[in-house]
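Here is the structure we will look at, set down as structure tokens.
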Amino acid sequence: MQFFFEVLIAGLLSGVMYALVALGFVLIFKASGVFNFAQGAMVFFAALTAVGLKEEFNLSLWVAIPLTMVVMIVLGFAIERIVLRPLVNQHDITLFMATIGLTFFLEGLVQLIWGSTVRKLDLGIPDVPIEVVMSKTGMLVSQFDVIAAGICAVMVALLAILFNKTKIGRALRAVADDHQAALSVGIPLQHVWGIVWAVAGIVALVAGLLWGSRNGVQFALTFVALKALPVLIIGGFTSVPGAIVGGLIIGASEKLAEVFIGPYVGGGIEGWFPYVLALLFLLVRPEGLFGEKIIRRI
Amino acid sequence: MKLKLLKALTVAAVAAASTVTSTLATAQEQFIPILSYRVGLYAAGGSGFFGGAIDYFNLVNANGGINGVKISWEECETEYNASRGVECYERLKKKNGGASLVEPLGTGIAYGVLDRLPVDKIPMTTMGYGRSDAANGQVFPYVFPLITSYWNQAAGMIKHLGDKAGGLDKLKGKKIVHLYHDSAFGKEPFPVLEALEKSLGYQLIKIPVAHPGTEQNSQWLQIRQANPDYVILWGWGVMNAVAIKTAARNGFPREKMLGVWWAGSEEDTIPAGDAAKGYTTMTFNTPGNYPVIDEIRKKVYGAGKGNLADKDRIGSVYHMRGITAAMLWIEGIRNAQNKYGKGKVMTGEQIRWGLENINVDEKRQRELGAFNMFPTIKTSCQDHEGSGAVKVQVWDGKAWKAVTPNWIQGDRAMVQKMVAESSAKYAAEKKITPACLPG
Amino acid sequence: MNEQEHGRKIGDVILKVENISLRFGGVKALTDISFDVREHEIRAIIGPNGAGKSSMLNVLNGVYTPQEGVITYRGQQRKDMNTHEAAESGIARTFQNIALFSGMTVLDNIMTGRNLKIRSSFVEQAFWFGRARREEIENRAKVEEIIDFLQLQSVRKTPVARLPYGIKKRVELARALAAEPSMLLLDEPMAGMNVEEKQDMCRFVIDTNDQFGTTIVLIEHDMGVVMDISDRVVVLDYGKKIGDGTPNEVRNDPEVIKAYLGAH
Amino acid sequence: MSSADTFPRLLSEHANVRPNAPALREKYLGIWQSWSWADTNREVRQMACGLAALGFKRGDNLAIIGDNRPQLYMAFAAAQCLGGVAVPMYQDAVSAEMTHVLEDAAIRFAIVEDQEQVDKLLEVREGFVSVAHVIYSDPRGLRNYNAPGLQSLEALRALGEGFDNGNPGFFDAEVAKGQSTDVSVMLYTSGTTGKPKGVCQTHEAFITSAKGGVAFDNLSAADNVLSYLPMAWVGDHLFSYAQWLVAGFTVNCPESAETVMIDLREIGPTYYFAPPRVFESLLTNVMIRMEDASKIKRSLFDRFMAVAKRCGADILDGREVSLGDRIQYAIGNVLIYGPLKNTLGMSRIRVAYTAGAAIGPDLFRFYRSIGINLKQLYGQTETCAYVTLQPDRQIKFDSVGKAAPSVELKLAENGEVLVRGPMVLKEYYKRPDATAESIDREGYFHTGDAGVFDSDGHLKIIDRAKDVGRLANGAMFAPNYIENKLKFWSHIKEAVCFGHDKDSVMAFINIDLTAVGNWAERRNIVYSGYIDLAGKDEVYSLIKDCIEKVNAELAAEGELSHSQISRFLILHKELDPDDDELTRTRKVRRGFIAEKYAPLLDALFTGKSMQHIETQVKFEDGRSGSISADLKIVDAKRLPAISKAAA
Amino acid sequence: MIYREAGQFKTTYLNDSQIFPIAQDRYAVAALLIVAFIAIPLFASQYFFSAILIPFLIFSLAALGLNILTGYAGQISLGTAAFMAVGAFASYNFMLRVPGMPILVAFILGGICAAMVGILFGLPSLRIRGFYLAASTLATQFFVVWCLTKVPWFTNYSSSGVITAQQINILGIPFDTPGEKYVLVLIIVSVMALLAKNMVRSNVGRSWMAVRDMDVAAEVIGFRIVRTKLIAFAVSSFYCGIAGALFAFCYLGTVEPEAYNLDLSFRILFMVIIGGLGSILGSFLGAGFIVLLPTVLSVIVHYTGLPNSVTSNLELMVFGALIIFFLIVEPHGLARLWQIAKEKLRLWPFPH
């Protein structure tokens, strides 16, 4: 039983990390209806840029991170201007494809600038079991994961404030609810989209830093995005709480499945389990946990 | 400015002239296609390995070539993707007088070109990967898993673990986890590990990690649960660093981990940071510095022709592996020249013979400035590996250090038997009559 | 359809709905609606916006399932219609917001209306041989008659997305007619049209009824047009039936007048 | 060529010789439905027998009304099989206009296309005309009609089949009774003045005429024509009926009036006939479409059109052309002319004719220069369409060619063209007076057109003989001639000139809404409609330009140099056959117009610069209303006459 | 310019519903087939066969399969490679386990296995749509590859999970050289493209498009949505399965399940989108573009003399940028561009 909880907690904590990546997706999908496949590349881009700045210019991480933030904001607006604006009113799948193109571009660009070597990122948070918990319960809980979860919570809180308390946030919500309505009240749509992409870029940076310090900053970060998909399916493409809950569900269930079911079927089921879970979930709730039910009128 | 891009561009500008000459090879140059990958998931490995090979080519050329025959090469980006690799192979195989040999450094690509080699009469080396049974030159006349194959490595690993335990017989009852990349690569050592499990009586627990291996919490929880004596880490790419870090967070001692040689490079340990300290892996190079590497620093990098953008990587595991590979290729070509005519450009067929008759003993290693950099190697038609010896290295937090002073070998007899069986099966499937090709 | 059935000879009741109620969540779309449709007649359902007309139509061919009520179609009594069964038993319809297949040409759109007549399997169709080819040709000939009937010759091979609104509506009617329906449900066939287009559409509706003897149930929001062409009219308001009878009766019904005046 | 001397016999001969070759095609239900000669023969037989069963007798007249449809062409033959006379009528005539013909020809039988025509006939029948039998080919919308004597063509054919079975030999006997001198068809002349007269033409007349043309242009059974001109027009009757049965080629009927251009392109006729108006609107269309083309395309087009203008016609006529030009022309043919002809549906044309009015030299030259063998012919209803034809390679832009085979041609003293030969009409139906008036004792038909022969013996038509007037100073005034010159400008759709007995020449102009509209759009001139556009100063100066150019041309034409236009106005409405301003063949009714717009004419001659006018108009739906406008009047520059020698 | 259509008229519906109603198109296709079947086998180099033409044709077939599902039936799928894998491994096993199995039958059976897997994984499409479906097809991708890796029976207990495709021999004629394999692939792809064209111009094709464009209306006029979608999944997977088998048998020869990874699925999706959704031709154009572009790019940047690490990344950037550029310029793909060009040529010299 203790082992079960250990697995569960580990799962939930990695779920937090998934949620963080999924959050970027949700932001963009909510505001512009774009299924941003490039979110993974943005994570890689952000993390590598931060580390690159730090190492190549011998900057402190606390200088490199704000600099990267600026880069991500510029990138967000640039994407809106160069990629999205000309594609406005195009079919969803076209925009989706464009973000795949963007993925390639960003991957190429960032590796061209900083090289393709794997880099170490040390945020100064040791990734070791928390002693106290270990000794009290015998359970192993990673200190890093707990802190990451904390950062994630702060992030969500900041986003919530941004969304609910600021003028930009209101504009964002208006856009998310109804593009036409937003236009008619005089909000420049492009402006809002630029902001959303910039915010998503910052979220990507946070995710990139956390994942990067966990696994090293490298190309594989782009794959993190794939894990975010089942999270989105379960949480719904448009829901911020959904992304969090979805992340937790996916994280916990995939770990439990791998540990308790995996050995019976040869293991390695983590790769597909979240998807199959999401699929089964979809059959029950096609619009996701928090997604809005679409009433189709004819 | 330390930007890689700028550096690359300056290098490019300086190297432009030489590149042009190398691409416009004359008939007096021995052409070697480079199926490299410098982008994507495995870019770190690709750039190091092929960087090393090219550095060595430049060194050979700077020293006047092979009996006066200069080496020319052309790179083609495969992105570690089988079909792109095949395209590169096909594109370059006839170029500049024909490819001497190929080395795709990727299992998928190696499989993709496997059937084409005998037809095109181009030998392929698969140094430290690919089909282990290709060591049988009677069935795979054009494939050279030089130095050592996965099976020999696995046998070597068990040997090492046995040594650590104080003798192979002490392994009885021990738990060994095989944590592997869930692909052909990770499953390649199964037959050896299973066979040895039977004979030695240890308990083998196989735990797969799904590609690409960025999440290994559950695997390590399982490992913790199983509480094994050793963990064999059979990983590739990002999986390695994650494994090391996850081991650390789960409090599993790195000293009990033994990685495959694709899990034993600076690119695997540096991102893991302190967690990697004490982590051991297999290797077929002895880490350290060698005269040949100094020569490369001086003659190649000194002349601005170095291939690595980051000079810190000179002499790194992948770089050294690239140098080793290139060294053995050149040896093969040299052998061929000795037989078919010095100072001539060799055909793939002739080089195949050359590779089949490599004999790099300690004396030759010294001549090459690479004494003990890799095991001595002597190939033959029956044995395209030529060695089978491995070494163990440990990461001390800054660099790799050899653990075992001597080259170790596992149960070679058993492996050879398995090679014979497996290659016979392949021969039957492909309707090949095993035979040694005449010189 | 045989020759004797042509013309505006109104027959027996073929469709009867009794006490239909339909709710979406808590919203009542229809409350206790009953009426009938006779063979060969043109039956209009009118009412102001939001009166539940479209919902009624959607109940008739099974797109919506009513919570209460009974539908009797050609002697068969049931709780609700099934879309596919409705199509198979000869009920075709058009939609208020043009529901054409925008990626196809006019011809292909109308051809889809013939799908229930096709017996060949997709494998036969893949080989474009024997029955599949024959059916394709036969159905094409049928469709061409409809194209001729609705005067769509000049746009036959135009993708529907490029057509003006009025023509699109006509193509939709054509697609419905291609099924050779015995009952045709028209959802605001004249909505958004100019006077001339409305006249054309009226003519086509009458011609359809006249030439093929098709029973027509149509919804309109604008009273004027419908009154001229329909035999009997049901008036809905806020999901309730407030009038039923001949155009004249309905026109003079005080409740109807009130509803219409109130709505405008 | 065959020896059969009546149309029914020609038909049965084709049915024997080439039973499976296509005789007629019609785009219907999306494809070109074909009737082989055997089919045609069988259906004609059924139709004829059906008519006979209904009591159609030798000498009866059968009205045929509708768009060009195979069934209607067959109806001609069906009537003729029984010794009857086919009377095609304009399908766009309103019922009131039909009444005259129906009464005049005492029509009892009519074969019509569809509900529209049935409605009109039934409306006429309400009055006093008795059309006993109305047979329609398209039953659509007629299901519930139960007027007596109304039936479908299908029913008629069924009836005919029964009758044929009951009376074997009847049909063949009837066909055998036919004489080549029997009247086969009665075509009502549009008549620039007075009520239309029925022109009675015999089998012989049309067959001779058709044979002449067939031989002249080597037409064969392999040719294809597209029939889209009114069946009541002599041109269509000759080309789509008489020549069809003589040569045995295929007649193709378009799907509908709107799809003619598409159908033309699909069929790609080898033999083509159209009034200048059609060629003109095609060219206008080409030019307008080219104006939207990209710069590269336009410059290519301009460049190669210049080449074509330089040598295209010469190449077509087999004259000597330099190698360089030939090469350029060949390139042009690949890049421009070929595709152009193709999009116009004219790439397969071997011979094309135009007639009915004079064609502008530029227009004519354009088509010939891109390699279309367009020729002019001259003739009237009374002469089975041909009087003169332009032989291949002897094409002149300003003449109508040489006398057609078996035509005798001479000029009267006043310049009127006189014609004698088998193609001259037998008589005007029930109008001995008119017959006598137009056929003189020697058997010459007076065409009413004034013409001259040039040195090569080619006839050049100047104007209607009676329209050729004199200016007050005695100089010759040929209004039509001037009007045509004006109409050669694409911006001018119609022109009416006045000047008889006056000192100077004045003109009413109709602008071409498409061409001028396009012109205006490119100059950002905003306009709301025809009236508005017509009144724009810019448009006036545009038209003034055109007129002054015409004046310059006239200045070089000797006596006609006095006819230069001194003042003009742009009419506020388009001249319209529905308002009786034009004939159905779109010839201007100068007298009527002069009367109708008397105040304007006055203003022109009295030198006013502005005039108010109110006009009654009929709308398409039959309602009428009035429009009023203040029209500007503008002076045009006249040039001194240039002597011939100098030119 | 090339098109001279005057005089091409149709007198029967059969003629009117030809695949290439315009004569010039027919000549062009005939010429293309002659080149493909006769000229290329005579003159093309080995490199061309095995590095360009064979993969081009195989990818075209896979793209065609995906296009049926995504372009025609409107169901987005990211699991194409999985269906290819099923086809490949099934064909391999049929060849292996059934003595005397003709290879073409093995291909077809492989395709049928893929179709069945397709139907199974198509079932969710009945309830979910759009990106949800796309994400769920990823489950197929991962699950199938995992299955093939995990169940040793599929790979004939090969220790590494690698299979070696059997030699191809049809009626005693061996297909060994790249040229011979090319001809075999070409024949199969041509026939299947023809069948696909027939389907999309028949009722089944219309049913797909109807469901794609407006599923409620499709249901109302009598199409059975469930059946339609599942047929689309089956046919699409069948095509992908055959493509996968050809990929193993005629292209790589020796494959591991990993060869059919997500990357491949994405590449095929690219082909379909760049080529043009809902267009048979587009599948070929897209495959050509995606197969050739990296090759061409790498050849071009090779001559710039930049170091490979730079050129490889530049290549990636150019590739990404080109995709975006393409989508901006013509979101409907190369097939639409071709169609527009053809329209222009038909109207030449007129602009419209």
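Letters are used for the chains, namely A, B, C, D and E, taken in the order the chains are written, and counting of residues starts over at 1 for each.
Heads up, the rule we're going with is that a contact is a pair of C-beta atoms (placed from the backbone, for glycine too) under 8 Å apart; a residue touches a chain by one contact, two chains touch by 3 or more.
Here the structure is a predicted model, which is why all the values come from computation and not from measurement.
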- Message: Which chains sit in contact with both members of the pair chain D and chain E?
- Response: C
- Query: Out of curiosity, which chains are bumping into both chain B and chain E?
  - Reply: A
- Task: Determine, using the mean of C-alpha atoms as each chain's centre, which chain is farthest from chain C.
- Result: B
- Farthest chain (mean CA position) relative to chain A: D
- Note on the structure: Two candidates, A-B and C-E; the one with more touching C-beta pairs is A-B
- Message: Taking each chain's centre as the mean of its C-alpha atoms, which one lies nearest the mean of all protein C-alpha atoms here?
- Response: E
- Could you state the distance in Å from the CA-based centre of chain A to that of chain E? 33
- For chain B and chain C, let me know how many angstrom lie between their CA-based centres, rounded off. 72
- chain A and chain D, separation of their C-alpha mean positions in angstrom: 75
- Task: Could you grab the centroid distance between chain B and chain D? Build each centroid from C-alpha atoms only and quote it in angstrom.
- Result: 89
- Task: Spell out, as numbers or ranges, the residues of chain A touching 2 or more other chains.
- Result: 107-108, 111-112, 115-116, 266, 268-269, 271-272, 298
- Message: Give the residues of chain E touching no fewer than two other chains, as numbers and ranges.
- Response: 12-13, 16, 142, 146, 149, 216-217, 309-310, 313, 315-316
- Query: What residues in chain B touch two or more of the other chains?
  - Reply: 5, 38-39, 47, 182, 210-211, 309
- chain C partner, complex, touching residues on chain D are 28-31, 140-141, 143-144, 255-256, 258-259, 262
- Note on the structure: Given the complex, residues on chain C that touch chain E span 61, 63, 83-84, 86-88, 92-93, 95, 99-104, 108, 111-116, 118, 120, 122, 125-128, 132-133, 135-137, 140-141, 144, 175-176, 179
- Task: Name, in rising order, each residue of chain A that touches chain B in their complex.
- Result: 3, 6-7, 10-11, 14, 56-57, 107-108, 111-122, 127-129, 134, 140, 142, 144-145, 211, 214-221, 223-224, 227, 254-255, 258-259, 262-263, 266-272
- Item | Residue ranges of chain E in contact with chain C within the complex | 12-14, 16-17, 195-196, 198-199, 202-207, 209-210, 212-214, 216-224, 231, 235, 278
- Note on the structure: The chain B residues in contact with chain A across the complex are 2-5, 38-41, 43-44, 47, 182, 206-215, 217-219, 221-222, 224-225, 237-238, 241-242, 245, 248-251, 267-268, 270-273, 275, 309-310, 313
